[in-house]
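I am attaching a structure below and will ask some questions about it afterwards.
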Amino acid sequence: MESENRPLDALNRARGHRVMVELKNGKQFIGTLKAFDIHINTVMDDAEERIDGSTTRRLGTVFLRGDTIILISPE
Amino acid sequence: MESENRPLDALNRARGHRVMVELKNGKQFIGTLKAFDIHINTVMDDAEERIDGSTTRRLGTVFLRGDTIILISPE
Amino acid sequence: MESENRPLDALNRARGHRVMVELKNGKQFIGTLKAFDIHINTVMDDAEERIDGSTTRRLGTVFLRGDTIILISPE
Amino acid sequence: MESENRPLDALNRARGHRVMVELKNGKQFIGTLKAFDIHINTVMDDAEERIDGSTTRRLGTVFLRGDTIILISPE
Amino acid sequence: MESENRPLDALNRARGHRVMVELKNGKQFIGTLKAFDIHINTVMDDAEERIDGSTTRRLGTVFLRGDTIILISPE
Amino acid sequence: MESENRPLDALNRARGHRVMVELKNGKQFIGTLKAFDIHINTVMDDAEERIDGSTTRRLGTVFLRGDTIILISPE
Amino acid sequence: MESENRPLDALNRARGHRVMVELKNGKQFIGTLKAFDIHINTVMDDAEERIDGSTTRRLGTVFLRGDTIILISPE
């Protein structure tokens, strides 16, 4: 029970599922959450970048540095 | 008594209740506070984003990186 | 005597009193100082937001993340 | 002798005297230096804010978060 | 298995291969990933800079400071 | 020999001599380097501020917070 | 072999040679790399500043604070 009250547990439950990551520069990345660490460094597979709702790039695997991330939300 | 004088105790009392989180980019998120840690990384359920008072997105569960947060206030 | 020479002692003396907190985004919050920690994370009760001297919101209890704070001054 | 070669020793010698503190947002605060710590969190008494050389506010006691400070100089 | 769930493992698998690094200032660097550390300080060989999709400089070996990096993606 | 290869050794050799310090806000300070620490917090004596090459203020002793400094160069 | 896979090893091989350092404010410094540390604080000799490809200043020895650096590349 206690362990479900830590923020990283929410990320852990999203592992293997599609998530949306929003960055400080306003860009979004949609992909399958593969890995994260305590800095919120994050790796996604089958990732695509979206700006203003439109897919602008398909990137495959992408490593995002944690300090550029605003939020992560399961799709 | 002493423990009630620490900032994270105020967040702890808000756990399970609706809170408003305001970010450095000016956006607000309203949702049920599920979890937070010492970095103020925060997880909300049933979250919606508001910009200038209007609901702009419904996000379900959202993980917010602590360093993007300005304030958290119970609704 | 020595202890009165540390910055957090000034905050400690303000606990329970009305203070004005000014943020990096230019906003001010006036409220009763309830709690703070070494990161200057701060909790106020009966808080109101002021922009350019006008009260723009009443927030009740508010948690302010320390790294967004420029200054704290007793009213 | 050695101890006089550390930056905080210069601040220590200014304790109890009028100093000017300049912030990253361009504002200056003039007041009596009461306390500081290794983060350069600073407390001044009888403080006034100056913008472009004009006194814009009288604040009494003010706590300034260290990371907002550019410089401190004795008057 | 567990080790494949850490973000730096994804970078480790990209070592020796062409990657695209995107910086906070909007520039991209394409090159062969030679080295990285826990700060995401990164060294590339045969690197070229791209702005808006056009090659603007050829730099040979380049050391990129980790805190300027938004993302790293294998080509 | 080895010790001459550390960046702070260069600052140490400049102690007692005139140096130019350039800040992130574009201002320069010229003065006698008195003290510095590992955060590059720096104290100068007989300091003057220069903007665009013109002396804009004479400050006597000035404490500069390290994180505002871009570079230090002996005159 | 392993040691050649760490980013600072690339800087170590550049010691004593001409390098180009690019800063977050867009300026470049060209000089002989004398010293660096784990924060990427860097000292160059015979340094000159370049803006938009033109030499704008000759600085002799210059200490650059690591957090202002984007990249370092051997000439």
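A, B, C, D, E, F and G are the chain letters, set down in written order, and residue numbers restart from 1 in every chain.
Keep in mind that, in the parts below, a residue touches a chain if its C-beta (ideal position, glycine included) is under 8 Å from a C-beta of that chain, and two chains touch if they have at least 3 such contacts.
Here the structure is a predicted model, which is why all the values come from computation and not from measurement.
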Original post:
Which chains are in contact with both chain C and chain F?
Top reply: D
Original post:
How many angstrom lie between the CA centroids of chain A and chain D, rounded to a whole number?
Top reply: 42
**OP:** Quick one: report the Å distance separating chain E from chain F, using the average Cα coordinate of each chain.
**Re:** 33
Original post:
Using mean CA coordinates as chain centres, what's the chain A-chain B distance in Å?
Top reply: 19
Subject >> Junction residues of chain E - those touching two or more other chains >> reply: 67
Original post:
Round the ring, starting at chain D and heading to chain F first, what is the chain order?
Top reply: D, F, G, E, A, B, C
Subject >> Residues of chain C that touch chain B when the two form their complex >> reply: 15, 23, 25, 29, 34-37, 41-43, 47, 59-65, 67-68
Original post:
Which of the residues in chain A come into contact with chain B in the complex?
Top reply: 4-11, 24, 40, 66-67, 69-74
